[in-house]
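There are two complexes below, and they share subunit A, which is joined by subunit B in the first and by subunit C in the second.
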Partner chain A sequence: MRDAFSRCHPVVNFTYFTAVLLFSMFFMHPVFLGISLAASMVYAIWLNGGRAIRFQFLYMLPMLLLVALINPAFNHEGMTILVYVNDNPITLESIVYGVASAVMFVSVVIWFSCYNAVMTSDKFIYLFGRVIPALSLILSMVLRFVPKFKAQARVISNAQKCIGRDVSNGNLWTRARNGVKILSILVTWALENAIETADSMRSRGYGLKGRTSFSHYRFGQRDKLLLTTLGLLIFCVLAGALLQENSIQYFPYIKINAATARSVLVYTAYFLLCMLPVGLNIWEEWTWRRLYSKL
Partner chain B sequence: MQAKSKSGGKRLNKRTLVASALILLVIPATIVFGIFVLNDRKYYLISLLIIVYTMLPFFMVFEKRKPQAREIVVISVLAALAVAGRVAFFMLPQFKPVVALVIIAGVCFGGEAGFLVGAVSGFVSNFFFGQGPWTPWQMFCFGIIGFLAGVLVQKGWLSRNRVPLSIFGALATLLIYGGIINLGSLFMTTPHFTWQGLLAFYVSAFPMDLVHVASTFAVLLLLSKPMMEKLERIKIKYGLIEPEPEQAL
Partner chain C sequence: MASLIFEALSFAYPQAQRRALNEVSLTIGNGEFAVLCGRSGCGKSTLLRHCKTVLTPHGRRKGRVLFGGVPLDKVSFRDQSEKIGFVLQNPDNQIVTDKVWHELAFGLESLGMDQKTIRLRVAEMASFFGIQKWFMKNVSELSGGQKQLLNLASIMAMQPELLILDEPTSQLDPIAASEFLETVKKINRELGTTVLLTEHRLEEAFPMADRVIVMEEGAVIADGEPSTVGDMLKEASHDLFCAMPAAMQIYAQVDGPAPCPLTVRDGRRFLSSLWPENPPAFRRIAVPEAEGNGSAAVEIKEAWFRYEKDGADVVKGLNLAIPEGCFYAIVGGNGTGKTTTIHLMSGILRPYRGKIRLFGKEIQKYRDNELFTNLLGVLPQNPQALFVKKTVRLDLLEMLSREKGSKEEKEKRILEAARQVDMEGLLERHPYDLSGGEQQRAALAKVLLLKPRILLMDEPTKGLDNAFKDKLAGILNRLKAGGTTIVMVSHDIEFCARYAGRCAMFFDGSVVTEDTPNRFFSGNSFYTTSANRMSRHLFENAVTVEDVITLCRQNQNQAANA
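Showing the complex of A and B:
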């Protein structure tokens, strides 16, 4: 599906993901966890479609169960003892905490899958090109070199196969030796190639003033609006965090603040923050349909 | 390259200054903040921030001294080789040459280059395998192994011969990489630090770690000599050589 949020300015994308990832990592309140998990799943499915559904069921569900089981097995804190296994108490609190931390971990991983789809490497380099010019140049070069070297490694490997030195035959040690041979040939090729690249860069004026970036993003009216909304929502959530709306105590017993009107307000702000890209997509779709039906 | 060797002493001082400010002021402040403000997530946040602080001075110093095109390209090539090197061993599952190549980079081009190659290859390989909460930990582990290799060789405490290097590589992979990455996964998933929990992570990751150790050892044993010869040749042929290392040795 077309994603409207991906077409926004990289600053908006990056602010959104930084906020959502940090909040998901550090808020252990069940309401916040639930909102974060649900929103991350919806957005991942919007971005990646069937691939995301498969990923969530095949990898995330087992991981959720695994992480949920690790905690009660090693953490014996908590007052409500359910059973004893090998003289070790299994407590209700540690099971609940295990589930909560599993949901946290899984939602962070799903958020990162959305991040990978939206924040492409050229957006990252566009954002950080001015702050860390040398490092972002290294990044963009490595990102280019990796596929190039992989292709070259395949060429070398095919040539080696002709003289019976492929990695696919022989025992483990022979295979490793042949692999090293391929790598060694690749290194020679890559280094010569690299120095030529560097000389070419220098003669074309690398490091001089007034150079522009390859990708060009415009910070438009919509980005201004979105960034302001993001700022307001982040402020609301942070204010709620300072007022202890998101705090929960798991050990030695579970203690949670009762939900008030104020906490509902904070929950709503967090929900709107997490669902911002999906909301934007729905709004775009709706506008498009309305304009289309007017014709 | 010329400017770099002239300001060599000063560069180290500046990095030491930033690093000591971070270690003496910012890290304790973070720990105090974490203990008093956060409850259950304190281990993860504190450890993550400490890792970021440790990496910052390297990046800052590198940006400050406005590196030359040739230096940038060599670092990029080494990092890309570390990432792409997996293709050469695609028939051997879990065979990762990253640590070995990072160590070779550190030995040939010094600690700083070793750190950058390590951190960049950790970051970039996750563009292909997926970014996650583990990215900073991997960047830090690869980087610090490259840095250590460079510093130890420059100080003369580690020989450039292939057997000592391979043993160093195997130990670094097991203790530094395995040690820190497993600690990171413990902090990511559980709230309280327990020795049994840590032990469980080490035990369950041990087979994977062992494969990683074996691949680092094998690659260093087979590749370190020819690859270091190649890097030295490039250094001499294109004048990347600095007068500094000879004095230091």
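Showing the complex of A and C:
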């Protein structure tokens, strides 16, 4: 993967996504929403390329419009009445609120798509393994068994098909019965084979006291730096939140704090926080080019 | 110094009359490479499992096992985990975690080592075994051979003194198997690890071994250097010989100079020494008529197949005609499309171009019911995919559940199917309690109840020892005599050479050449039986061990008469 942020330590990844997701969910201030949406889109495109653009236009744009339209249709609060539809008032406030919550919703979805691309299963396992060591092994085993079961289910289904007893043979009732039978074979097979897995585990000393958990991640100098930066930025944004820099009132009328120098500072902090992975990528690209041109 | 000592070890499983191990006394020296062989069920695995307390089965036991001079039950669990490595048969079941690197570290994590040590050990092992390239992969992406190599590596990471392997290559194809055995040899030679191995593939294991131990019915019947064991068995004219390497089998049946040859090279020299001056008089063996000249039971015309739209073609313009009543074997390397072809013939997959006809009618035109009753029988590679009931009898009865007919009638048909596969005595057993070969025969009985006219089999000899293979061949021959067409995909060249009616070689998605086994294998120079490779400088068309032996005797008799 060409994403530099994905190569950072899982703790950095996880801290970043937790912060960004929570902030995106709870800050309804238009500036914050705009920053979050823009940053999420840029990062998603960086990570997934054309696929992300297609996803955003095909699914996210219609969803955004839908959520933005649904709210004024059902929510009639607000002072500024624009028009009456079937005796129901459509208010400016509810339209604005609809757009805002649509943006919030869409940016959270896009953030999650980025999260999925960056936080692979082994990173997740590693993080939770540090909290609960036994859990990390269980998760890893589950991830091992799911593809194994799927493959075996296919083998069994093919074998049963060849004696005319698959879920694709016969009428509905027979199909259901065949399906249950395949499941029963799969379970028997799994239990039988688990005995050998247990042997393999015990013969490699599973159950000894003081089991450790190995990972190939290293917390380097850059991770330290990134985590500190993240901490500072999060602190700034939270401080801004305490000082009401992000608060907005939608009903019955829209009330928003005037932008001051201090609020610009908070906006900047939030922007930097959201753009951190993209910034890191740009910086890496730039150093690479510089080194390369010198050669 | 002795690494492992068995002192008059006897063992019986609970409720079993017969002892699984009978007064076994053995001493395995440090750094020795010992191969343990014998029929299925002779107690090899039971003996191996006694080398590690956590794997030891329950039952009545006498005698004791010493590891490094200390009784095994006095050696702590930690020491046993670290110093005795155990590789089991099935590559898939031994893998615990989802990533290659995690699997390598598993044992070291159990031992409670710190990050730094684990990192070093894992790096060492990955380099030694050449795993770096797939180090970060998911284990589900690996081939069977790679999986077994990973199992070995993850055990070697713990740096054991003793390595025990229980038929580690039985589920692998020949190329992966010899690669695996080479690695075991490398471990023994370069690290000095003591190796105790059980194997069916003696052709390759014998030349590596310092020592061969032969077991029968729970007792050791021969023990010594490979060639000495050959002589011992020859004197006893023991029927276990059919499991020995081809060179040893020929040596046992033909009068000639000692020592007993082990490899193809030795066998070649041995045969050459029989006729030092003139070449032998008889150079050709009489070959039976080519079988199956009837109409085609299975006909494939210009079939093309790929799994994904954008993927590579797996089957490419395949043309194949399998005559009715023929035992047809398809051989060839891994990933050439053999198994896919079987799936095409069974209708599980459909070609995107070309036609497949069964008895002249296109396969798509058959209804499911017609296709899988009285027409097509498919024996899956893993027989466990068929078993649904508690006993073999109930399982067979289940196959008839949709048919009309009285209970007695069905009972009769079950008994007949069981007789066809020599399983009458095992009807009340649980299918999972049967050995590999028996499970396969039970599955075959199930398939036979549908009275197939064409029987398709994918690697039926995988993991079977020679006695079971012979038994399977007997059953197949009977079926063939009854008019069933048999199509088999196999890696087992020796089996195909001996029993098949026709052989086809698969390469790159289609059949390269096709002939009777005799002409097929005597025409190939690498992809052929070891008996043929051993004798091709003397005989023109000796393919099986029996061929070579017959020709040798003919020539020797003639020389004696002259």
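Just so it is clear, the second predicted complex is superposed on the first by the 268 of 295 C-alpha atoms of A that agree within 3 Å, B and C clash if a C-alpha of one lies under 4 Å from a C-alpha of the other, contacts with A are read in each partner's own complex, and residues count from 1 in each chain.
In this text, a residue touches a chain if its C-beta (ideal position, glycine included) is under 8 Å from a C-beta of that chain, and two chains touch if they have at least 3 such contacts.
Given the structure is predicted, the values throughout are model-derived calculations rather than measurements.
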{"item": "Which superposed partner A:160 touches (first subunit B, second subunit C, both, neither)", "value": "second"}
{"item": "Partner chain in contact with A:189 - subunit B first, subunit C second, else both or neither", "value": "second"}
{"item": "Which superposed partner A:216 touches (first subunit B, second subunit C, both, neither)", "value": "second"}
{"item": "Subunit B versus subunit C as contact partner of A:197, first or second or both or neither", "value": "both"}
{"item": "Touching partner for A:121 - first (subunit B), second (subunit C), both, neither", "value": "both"}
{"item": "First (subunit B), second (subunit C), both or neither touched by A:180", "value": "first"}
{"item": "First, second, both or neither for A:206, with subunit B first and subunit C second", "value": "both"}
{"item": "Partner chain in contact with A:247 - subunit B first, subunit C second, else both or neither", "value": "first"}
{"item": "Contact breadth on subunit A, by residue count: subunit C or subunit B", "value": "B"}
{"item": "Doubly contacted residues of subunit A, that is, touched by subunit B and again by subunit C", "value": "121, 137, 141, 143, 148, 168, 184, 188, 192-194, 197, 199, 201-202, 206-207"}
{"item": "Subunit A residues touching subunit C - in the complex, by the definition given at the top", "value": "121-122, 137, 140-141, 143-144, 147-148, 151-152, 155-156, 158-164, 168-170, 181, 184-185, 188-189, 192-194, 196-197, 199-216"}
{"item": "Residue ranges of subunit A in contact with subunit B within the complex", "value": "25-26, 28, 67, 70-71, 73-75, 77, 97, 101-102, 105, 108-109, 112-113, 115-116, 121, 132-135, 137-139, 141-143, 145-146, 148-150, 153-154, 157, 167-168, 172, 175-177, 179-180, 182-184, 186-188, 190-195, 197-199, 201-202, 206-207, 247, 249-251"}
{"item": "Touching residues on subunit B, where the partner in the complex is subunit A", "value": "38-41, 44-45, 59, 62-63, 66-70, 72-77, 79-81, 83-85, 87-92, 95, 97, 116, 120-121, 123-124, 127-128, 130-133, 188-192, 194, 196-197, 200, 215, 218-219, 222-223, 226-227, 230-231, 234, 238"}
{"item": "List of subunit C residues in touch with subunit A within their complex", "value": "52, 54-55, 77-78, 81-82, 84-86, 88, 90, 92-99, 101-102, 105-115, 118-119, 122, 138-140, 151, 154-155, 158, 343, 346, 348, 368-369, 371-373, 376-378, 380-382, 384-388, 399, 432, 446-447, 450"}
